[in-house]
Amino acid sequence: MKTKFLSNILLTLIWVFLTGEYNLNNFLFGFVLSFVILWILSGVEDQGKLKYFKIVPRVISFIFFFIWELTKANIQVAYEVITPKFNMKPGIVALPLDAKTDLEITLLANLITLTPGTLALDVSSDRSVLYVHGMYVEDRKEFVEDIKQGFEKRLLEILR
Amino acid sequence: MRTIILKSASSYLLPVLLLFSVFILLRGHYLPGGGFVGGLVAAIAFVLDAFSNGLDKTKSVLKFHPGFLMPLGLLIAFFSGISPIIFTDMPLMTGLWAENPIPVIGYIGSALFFDLGVYLVVIGASLTIIFTISESA
Amino acid sequence: MLGAVLLGLLFSFFLVFAGSYFKGRLAVLSSLVPISLFVYFLTYIPDIAQGEIIYENYEWIPSFGVNLSFTLDGLALLFALMITGVGSLVFLYTSAYLKNHKYLDRFYGYLSLFMAAMLGLVLSDNLMSLFIFWELTSISSFYLIGFNNDKADSRKSALIALGITGIGGLLLLGGAVLLGDVAGTYRISEMLAMRDVISDSPHYLLILLLIFGAAFTKSAQFPFHFWLPGAMKAPTPVSTYLHSATMVKAGVYLLFRMSPVLSGGDIWHTILIAVGAITMVYSAIHIIFRTDLKGILAYSTISALGILVFLIGIGTQAALIAAAVFIVVHALYKASLFLITGIIDHETGTRDVTQLSGLRKVLMPVAIAGFIAALISGGVPPTLGFIGKDLIYESTLHYADSAILLTGLAIITKILLFYGGFVAGVKPFMGKLPEKFSKLHLPSPLMWVPPLIMTLAGIVFGVFPGLIESAFAKPIAMTQAINYEEFHLKLWHGFTTILGLSAITITAGTVLYFTIKPKHSLENFIAKFDVVAPKDLLIKLSEGFALFSRFWTNSFQTGYLRHYLSIIVGFLTLLLGYLIFSDFSLNIDVSTLADLTIYEISILIMLLLGVLYVVFTKSRLAAVAATGVVGLSFSLLFLFYSAPDLAMTQFSVDTLTVILFVLVLYKLPKYLKLSDSKLRIKHRILSISFGTLITLLILRVLNEPKNTEISEYYADYAYKLAHGKNIVNVILVDFRGIDTMIEISVLIVAALGVFGLLKLRLKTRDKK
Amino acid sequence: MEIILAIITGVLYASGVYMIMRRSMVKLILGIILLGNGVNLLIFLLGRITKGEPPIIDSAEKVLEGVYADPVPQALILTAIVISFGLQAFAIILVKRTYKVLKTDDLDQLNTTDEDS
Amino acid sequence: MTDILVYITSGLGAVFVLLAAIGTLRMPDQYLRISVNTKAATLGVGLLLTAAALFFLETSVTTRVIAVIIFIFITAPVGAHLIGRTSYFIGNALWGKSVTDDLKDKYNKITHELKGHEEKKENEDETKSKS
Amino acid sequence: MTNDIIILPLVVHLFFSILLMFFWNKVNFQKIVSVVGNAVALGVAIWVFIFVYNNGTYIVESGNWSAPFGIVFVGDMLAVTLVLLTAIAGFAVSIFSTISVIKARLRFGYFSVFHFLLLGLNGAFLTGDIFNLYVWFEIIIISSFVLISIGGEKNQLEGAVKYFALNFFASMIFLTALGVLYGLVGTLNMADISLKIAEVENRTLVEISAVLFLVGFGIKSAIFPLYFWLPASYHTPPSAVSAIFAGLLTKVGVYALIRVFALIYGGDSFLTILLLTLAILTIFSGGVGAIIQNNIKKVFMYFIICHIGFMIGGLALYTEIAMAGVIFYLIHDIIIKTNLFLMSGLIYRIKTTTNMKKLGGLYANYPKLSLLMAIPLFSLIGIPPLSGYWPKISLFLASFNAEEYWLFGALVFGSLITLIVIAKLWSEVFWKDQPQLDFPKKFIYFNQLRFGQKFTFIFPVAFLTFVTLYIGFGAEHIQQLSQRIATELMNNELYINAVLKQ
Amino acid sequence: MNVHDFLYYIILPILSISSLLVFVRFFKGPSIVDRVVALDLLITIGIGIIAIYSILSNKPTFLDISLVLALIAFLGTVAFAYYLEKRNKND
C-alpha cells in the first residue's frame, strides 16, 4: 500500500518533469494518470523499498564515483581504439555475487556494463555468479576484487 | 528470456513508458505525437514486458485483454465521430469543443476523444498481433 | 395475341408445379392448349383474307424501344396455324409416344414453352421482342434435344445445337440493334417506310450479314447445317415439331419478314440465292447416302430450307408465293414422315431403312399416310405438293438472266427430294415383311391419326388451292411483295413448260427410287468426306480452340506469383516508358545539390546502401536488420525535411515490423538460392527500368507548378477552427478524420486476421 | 537535393519490385516493405520538400506563416504507413502460417490453385 | 557561458560517439565491440543531449533531456547484456588473444540454464585461502 | 439525421462491426446480430436510394469542412445505387453465412470482418475524396485478406499469398498515382481535381497518372493482363466469402475506374485506345479461361474476368449509351455473380464437390432447385429477357456507333462463350447422371438438414434470383436508372457543382 | 564561429562520419550480432544527431522523437536477442 503510494507519487513527479508544467493542476492530473496506470498494472510487484534520507548522500557520492570510473575507463578505451596496436587482454570472468535481489544485481550489472572495458554478460541461473567480459583481465583476481570492492560494495551500501 | 537483468529493468520501465505514451498522446494536437505514436509506445512497453517476464505475466498485468481494447477504442472514436450527428445538427466528425481550454490538455474536444480511440485501438491491435504470434511461436 | 403467347408460357410454369398430375392418362389433356390456340387462330382467317392486319401493342421497356408489339398478317397467321396445328398433332402423338415416361410432364413443359416462344416470334412486330422469343426457342429446344439427358450423345447434340443457334442469336441481336438504330425504330411495320434509308445506310451490308448469320444458323443453311442431323437425337416429336415444321423455319420466317425491309440491294438476292442453292443441292445429294430414316429426313429438311431461302432470295412475288405454299407443303409431308418414322422406330426399334420392309402388312394406316406423304413430297398431283413445285419452277424460270441455271438446280433438288420422300414414306412398307416384325400391331390411334390427318390435308389443299390462296398466299403477297399483282393458285395450268419440268422431275425421281437402294456402303463412302465436312471442320476448330485456350490460359496463369508480377510490372513499365519518352524532356535543377549537407549525404548513403543490402544479402536476418537501417534513415530524413510526426511513426512502425519478422522468422528455413540466373537478370533489367521511369516521372512532376490552396487553408484555420497547432495531427483527427477512423479499422481487422490465422485450427471434418 | 531523392525513390521502387519477384516469401515481404517506403518517399517528394520548417504553429501564434512544409502529404503518408503496417503484419503472419502448413518458403511451390481441377 | 558549455559538451559528445564508431569498426571480436560501443555511445549521446539542454535552458527541455538520458542509461547496458549473451549462445568465439573464458560449457545447450554454483565455491575457496 | 443520410450505411456497418467484436465468442448471437445489421443496412440503403432518387445528388461534408478542404461524401445516383446493391448482396450473403460458414470461423470474428468489408465497399462508393478512396480500398482488401485466409488450409493460403501480393502492389501503384496527382494539382477532392487538372499544361503527366490509376484499379478489377490473382484465389475461400468477393470486390475496382475516368480523365484518346484493347483482351482471356475449367467455381471466376471486360469496353467507348450499358451491366453483374457463388456453395453442400466431372444428376434429384438455379445461369448468359441481356443492347449499339467492331466481336465472343460454357455446365452438373462419389464421412448433407436450415441455404439464392428477375423483367426501371447515371457521369459538371457548391 | 556554425560544421559532420563508420561494420558483419549492435549504435547516433538538429532548427520538441527512438531501439535489440536465443534453442 505504502509502496504503491510512493510509486504513484514518483510517477506523478516524472509526469510533471516530462510535461515541464509545474503547477497544481498538472500535478493532480499526473497523479490520477499514474494511479490509473498503476491500477492497470496492479500485478507488478514492487521491489523498491526506498529509505530516502539515508540513501541520498550515498547516492551522490556514488554518482561521483561512477563518473570518475566512467571517465577513467573511457580514456583507456579511447586510447585503445585510436592507437593502431591492441594492448588488451580480454576475457570472460566469473564474478561471485554478494548482490542478491533483482534490483541489486541489475544495477550492478548495468553499472559494470556502462563502465568502459567491462561488459556484464549474464547472471547464472542461481544468481550466484555474474559473468563479466573485461578488456583488461591481466590478473583475474584483481579484476574481480576491483569490481567487488568498488561498485558492488558501494552499491550495496546504498541499497541495503 | 530468462534474464534477471532485463526482467527487473523492464518492470521499472513499464509504468514510465506508459506515462510517456499518454504524454505523447495528449500533446499530439499541438506538437508531434498523437494517438498513433502514443499507442505504439504503450504497446511497445507491454511487448518489452512480455519479452522479459513472459507473456502470461504481462497478460495478467494488463487489466483488459488487448482484444477488448480494439472495439473499445474504435467505439470511442466512432462516438466522437457521430456525436455531432446525435447531439447537434452537424455532419459527422464535426469538431465539438469545450468553450475554454483546460490546463495540461488544452482544449477539450471531440478530436481529443477521437485520438484517445486511436490510441486504444493501436495498443489493442499491436498487442493482439504480437501476443498472438508469441503464443503460437 | 399476348394471351396466346402467354398461354403456353403459363402452362409450362404450371407444369413445373403441377406436373405430376399430367403424367399417364391425363397427359393427353395437354393437347387442349395447342388445339384451343389453333382454333383461336383459325377464327382470324376471314379477317386476314380480307387483307386486314391486326396490331396489338403493350409497353414493356420503352427505354430500349422494346415493347410487346404483335401483328397478325398473312405470314404470321400461316406460321401461327402451322405452329399450333402441327403442335396439336404432336402433343397428341406425344401422349402415346412417351406414355409412361418418367418425365413426360417436363417434356410437355418444354414443348409448350417452345410453342409459346415460337408463336411470340412469328407474331412479334418488334424486332427486339422477336429476338427475345427467338432466343427462347433456342433455349427450349436445348432442353428438348437434350431431353434424354442421361445419354452423352443427346447432351452433346443439345450443346452443338445451342452453340450454333447461340451464335445466330447474338448476330441477330447485333443486327436488330443496328437496324433499330438506323431505322429509328424496332417495329418492323414502321421499318417498311425506312426501306431506302436502310439500304443507303453505311451499315447496310453489316446489317444484312448479321441478319443472314442469324437466319442461316437457325435454318441450318450451309455451312451451318450440320447441327440439324445431330439434333435428331431428340425424341421424334421434337424432330417433327422443331426440326421440320417450326423452329428451323424461324430463320426462313425472319428473312421472309424482313425481305420488304431489306431486299433493297442486289447483295440481298445474290447471297440468299447462292446460299439457298448450295444448301438445297448439297443436302439433297446427301439423301442418297443415308440409311437412317431420320438422317434422310434431316437432310431433306435442310434441302427444303435451302429451297425456301433460295426462293426468298429470288424475291419476286411468284417466288414469295411459292415459298409460302412450299412452307405449308413441307410442314405437312415432313411432319408426317417424321411421325411415321417415329411409329416405325417405336414399334420395330430400328430406323435403318435397309432393315425395314413390308410393314404395310402390320401398320396399314401408317403406310397410307406414308404413301400420301411421299406423293406430296414428290409433287405428284393432285396434292398441294404439285402446286408447290410448279410455283417454284415458275419463279425460277422467270428470274432474270440465270433462269436456266436456277431452274436446273431446282429440278435436281426436287428429283432428289422425290427420291427421299419415297425412301422414307414408301420403302419401309413395301416388299416382304421380315419374320421378326410379324408380331407387330398398330399402336394407339393417337400416334397414327395425326400423320394421316396431315397428309389428307395435303390432298384437300391440293384439290382446293383456293383455301391456301385466300387465307395465306394473297395476304402474304400483299404484305411481303414489293409490287403486288393479282394471281390465282391452280392445280392445272394446261400444258406448259412447267408441266413438262414436273413430268421430268417425277419420272426421274421414280427411276432413281427403283435404281438406287439405300445401302450401308453408300453411307460409308460419304463418311470418307467427313474430314472436309463443315461439322468435322468445326469440331476440329473447336478442339484447336480448346487447345489454344489451354495454351493461352496456362501461359498467363502459370501459378507463379513472380510471373504474374513480372507481367504486371512489365506492362506498367511499357506504358510508363511509352508516355515518358513520347515527349521526353528533363530539366534537372542541379543547383539544389549545393544545399546538401553532410548529414543529409551520410543519411542518404546509408539509406541507399541499406536498401541495396536488403536486396543482395544472403542472410535473411541481416536483411531484416538492414530494413531497420532503412527505417532509421527514413526517420531522420523525415525529421530533416520537416516531418517530425512522420519520423516518429515511420521509425516505430518499422521497428515493430522488424520485431514481428523476428518473432516469425526463426521457424523459417534459410534463404535458398532459388531462381535461375537468367530469370534474375531479366527481373533486374525489368526492375531497373521500372525504377528509372519512376525517377524520371518524379523529376518531371517536380518541374510543374503546384497548387497550395489546400495547405494554406489548413495553415490558416488549423488553430482558429480546429483548435490544434500540429497541423498534421489536426488533419489526421479533424480535417481528414475519416481516413484515420478507417485506418485504425484496418489495424483492427489486421489484428483479427492475425489472431484468426494463428489460433484457428480447423478440424478435418469441418474443412470446407 | 530532389534529384537525389528521386533517384533513391527509383531505387526503392526497383528494389521493392525486384524483391517481390523472388521465390522466397521472406523476400516478398521485404520487397513489400521497400516498395511501401518508396511510395511514401514519392508522395513526400511530390508534395515538395521543405527543410526544417515543420507544419506546427508556434505556441505564440495562431496561424502558420512564412515557409512551412505542406502538411497534407505528411498526413497522407502517416495514414499510409499505418495501413501498410497492418497489411505487413498480416502478411508476415500469412507467411508464417503458410510455411507451417506447406513447409516451404518457396513461392514456386504455391501453384496448385492455378491448376485446373 | 552556456555557449562554452555547449561547445564543450557537444564536442566531447561527438568525440565519444566517434570513438564508439571507430571502436565498433576496429575491435576484433563481438564482445569487445559491444563493450566499446555501449559506453562510448551512451556517454557521447548523453553529452550531446546535455548540450541541447544547456542550449535551450528551459525546464521542460531539461527534464525531457534528463528523461532521455536516464532512459538510455538504463536500456543501453541491458541491451548490451542481452546481445552479449546471445552472441555467446550462437557461438561467436572470443578474440584469439583473450586470456580467459569462464563461461565455457556453463550454458545448458537446451534450456540455456547457466551454471554458476561450482564456480562460486571455487572462488570462495580462493578468497578464503588468500585471506 | 437526414443531414447525414448519405453516410448512414457507413454508420450502420461500423456500428455493427464494433458491436460484434464485443461479443466475440457468442456465435449464435453474432449470427442474429449480423443478419439484423444487414437487414438494417438494406433498409437504410433503400432509404438513401429513394432519398437521392427524389432529391438528386446529396453531399455530406465530414467535420463540417467544406470541399475541397475536408473529406466529402457524395451520394450521386451511381454511388447510392451501388450502396443499394451492396446491401442486397450483403444481406443475402450474411444469411447464407449463418448456415454455410463453419462455427470455428464464426468464432474468429467472421461477421465483424464481414461488416468491415461492407463498410469499406460503401465507403468507397460514397467518398468524394481520392485519398479517402484509397483508405476505403485498404479496409476492403485487409478484410478480404482475412476472410480469404482465416482457418486457411493449403489452397486458401496459396491463394491468399498471391491475392495479397498482387493487391498490395495494386495499392502501391494507386498511391503512386495519387502522389503524382497531388504533385500536379495539390488537392485530393475528386471534383476539385477534375477542375484543376484541366489547368495542368503537361498532359503527358496527366496521362501517366491515369495509366497508374488504370493499373492500380485494373489489378483490383481483374482486367487483362492484371487479373492473375483472381482465378488463383477466389475459389478457395468458403462460398459465402467467394460470393461477396465475386459480386462486389472486382466491381469496386470497376467503379473506381468509372468514377475516376468519368470525372477526371474523360475522353482522353490514348486512354480510350488502351482501355479498348484491354477490354477486348480481358473478354478474350476470361472466355478462353472459362472454357477449359472443370471446377464450377473456377468457371465462374473466369466469367468474372470476361464480364469485367464488357464493362471496361463500355467505359472505353465513353458515350452516354455505352455508359448506360456499363451501369446496367454492373447492376446485373453484382447480383448475379454473388448468386452464382452462393449457388456453388449450395451445390457443394449437396454433392460435396464443385468439380463438374464428379457432379451430376442434380436435375433429377432436385428439379425445382435446379430450375431456380437455372434462372441466374440464364441471366448470366443473357437469355432475353433476363437481366444479362439488356445491357448488351446498349453495348452493342455503342460499339456500332463508335465503329469499334473489334469490341463488338469481343462482346459476341464473350457472350457466346458464356452460353456454351454454361450450357456445358448445365449438361454436366444437372443433366449427367451422378458419377460415383467417394463421400467424406461425417459430412452433413443437404438432405439431412432440418427444414429451417434448408430454408436458410435456399433463401439467399432465391432472394437474389428474385432480384435478378426484377432486373430482367423490370428492365425499364433499371434502364432509366442507368441512363440517368450515365447522364450524370457524362456531364461531370453536375457532380463538380454539387460538391464544390458552385 | 558561433554555436550554430560549430554544431553545423563540426559536430554534425563528425556524427555523420561516425554513422557511416558504424554502417561499415553493419556491412561487414560478420555475425548477426555485429549487425544488431551496429544498428543499435546507429540509432544511438541518430539520437545524438536529433539532439544537435533540434538546436540548429530551434525546435526542442524534436527531442521527444529521440526518446521514441531510444525506446524502440532498445526493443529492437531485445527482439533480436530473443530471436537468436530461441532459434539457437530450437536447433
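In this document, chain identifiers A, B, C, D, E, F and G correspond to the written order of the chains, with residue numbering beginning at 1 in each.
Operating definition for what follows: contacts are C-beta pairs under 8 Å (C-beta built on N, C-alpha and C of every residue); 3 or more make two chains touch, one makes a residue touch a chain.
These figures come from a predicted structure and were not determined experimentally.
Chemist: Once the contact rule is applied, which chains count as partners of both subunit A and subunit G?
Modeler: Looking at subunit G and subunit A together, the chains touching each of them are B, E.
Chemist: For subunit C, which other chain has the most distant CA centre?
Modeler: A
Chemist: Point out which chain occupies the most central position, where each centre is the mean of Cα atoms.
Modeler: Nearest to the common C-alpha centre lies chain F.
Chemist: Any idea whether B-G or A-B has more C-beta pairs in contact?
Modeler: Between the two chain pairs, A-B has more contacting C-beta pairs.
Chemist: For subunit C versus subunit F, what separation do you get between their C-alpha means, in angstrom?
Modeler: Centres of subunit C and subunit F (C-alpha means) sit 26 Å apart.
Chemist: Could you state the distance in Å from the CA-based centre of subunit C to that of subunit E?
Modeler: 81
Chemist: Approximately how many whole Å separate the CA-defined centres of subunit A and subunit E?
Modeler: One centre to the other, that is 12 Å.
Chemist: I need the residues of subunit C touching at least two other chains; which ones are they?
Modeler: Residue numbers touching two or more other chains: 557, 559, 561, 565, 640, 644-645, 647-649, 652-653, 655-656, 659-660, 663-667, 694, 701-702, 706, 708, 710-711, 714, 725-726, 728, 732, 734, 736-741, 743-755, 757-759.
Chemist: Name the residues of subunit F that each touch 2 or more other chains.
Modeler: Residues 14, 21, 62-63, 70, 131, 135, 138, 142, 145-146, 149, 152-153, 161-162, 165, 169, 176, 180, 183, 186, 188, 231-232, 292 of subunit F touch two or more partner chains.
Chemist: Scan subunit E for residues touching two or more other chains and write them down.
Modeler: Answer for subunit E, listing residues that touch two or more other chains: 22, 34, 42, 58, 60-61, 64, 67, 71, 74-76, 78, 81-82, 85, 112-113.
Chemist: Help me check something: in the complex, which residues belonging to subunit E touch subunit G?
Modeler: Residues 3, 6-7, 10-11, 13-15, 17-18, 20-22, 24-25, 30, 33-34, 37, 41-42, 44-45, 48-49, 51-52, 55-56, 58, 60-61, 64-65, 67-68, 71-72, 75-76, 78-79, 82-83, 85-87, 89-90, 92, 110, 112 of subunit E touch subunit G in their complex.
Chemist: In the complex, go through subunit C and note every residue touching subunit D.
Modeler: Within the complex, subunit C contacts subunit D at residues 557-562, 565-566, 569, 588-590, 592-593, 595-596, 600, 604, 607-608, 611-612, 614-615, 620, 623-624, 627, 630-631, 634, 638, 640-646, 649-650, 653-654, 656-657, 660-661, 664-665, 667-669, 671-672, 674-675, 683-684, 686-688, 690-695, 698-699, 701-702, 706, 708, 710-711, 714-720, 725-728, 731-732, 736, 739-740, 743-744, 746-747, 749-751, 753-754, 757-758.
Chemist: For the complex, which residues does subunit B have touching subunit C?
Modeler: Against subunit C, the touching part of subunit B is residues 28-37, 40-41, 43-44, 47, 67, 70-71, 73-74, 77-78, 81, 92-93, 95, 97, 106-107, 109, 111, 114-115, 117-118, 121-122, 124-126, 128-130, 132-137.
Chemist: What does subunit B use to touch subunit E in their complex?
Modeler: 1-3, 5-6, 9, 12-13, 16, 20
Chemist: Using the touch rule from the top, collect the residues of subunit G that touch subunit E in their complex.
Modeler: Subunit G reaches subunit E through residues 2-3, 6-7, 10-11, 14-15, 17-19, 21-22, 24-25, 31-34, 36-38, 40-41, 44-45, 47-48, 51-52, 54-55, 60, 63-64, 66-67, 70-71, 73-74, 77-78, 80-81, 84-85, 88-89.
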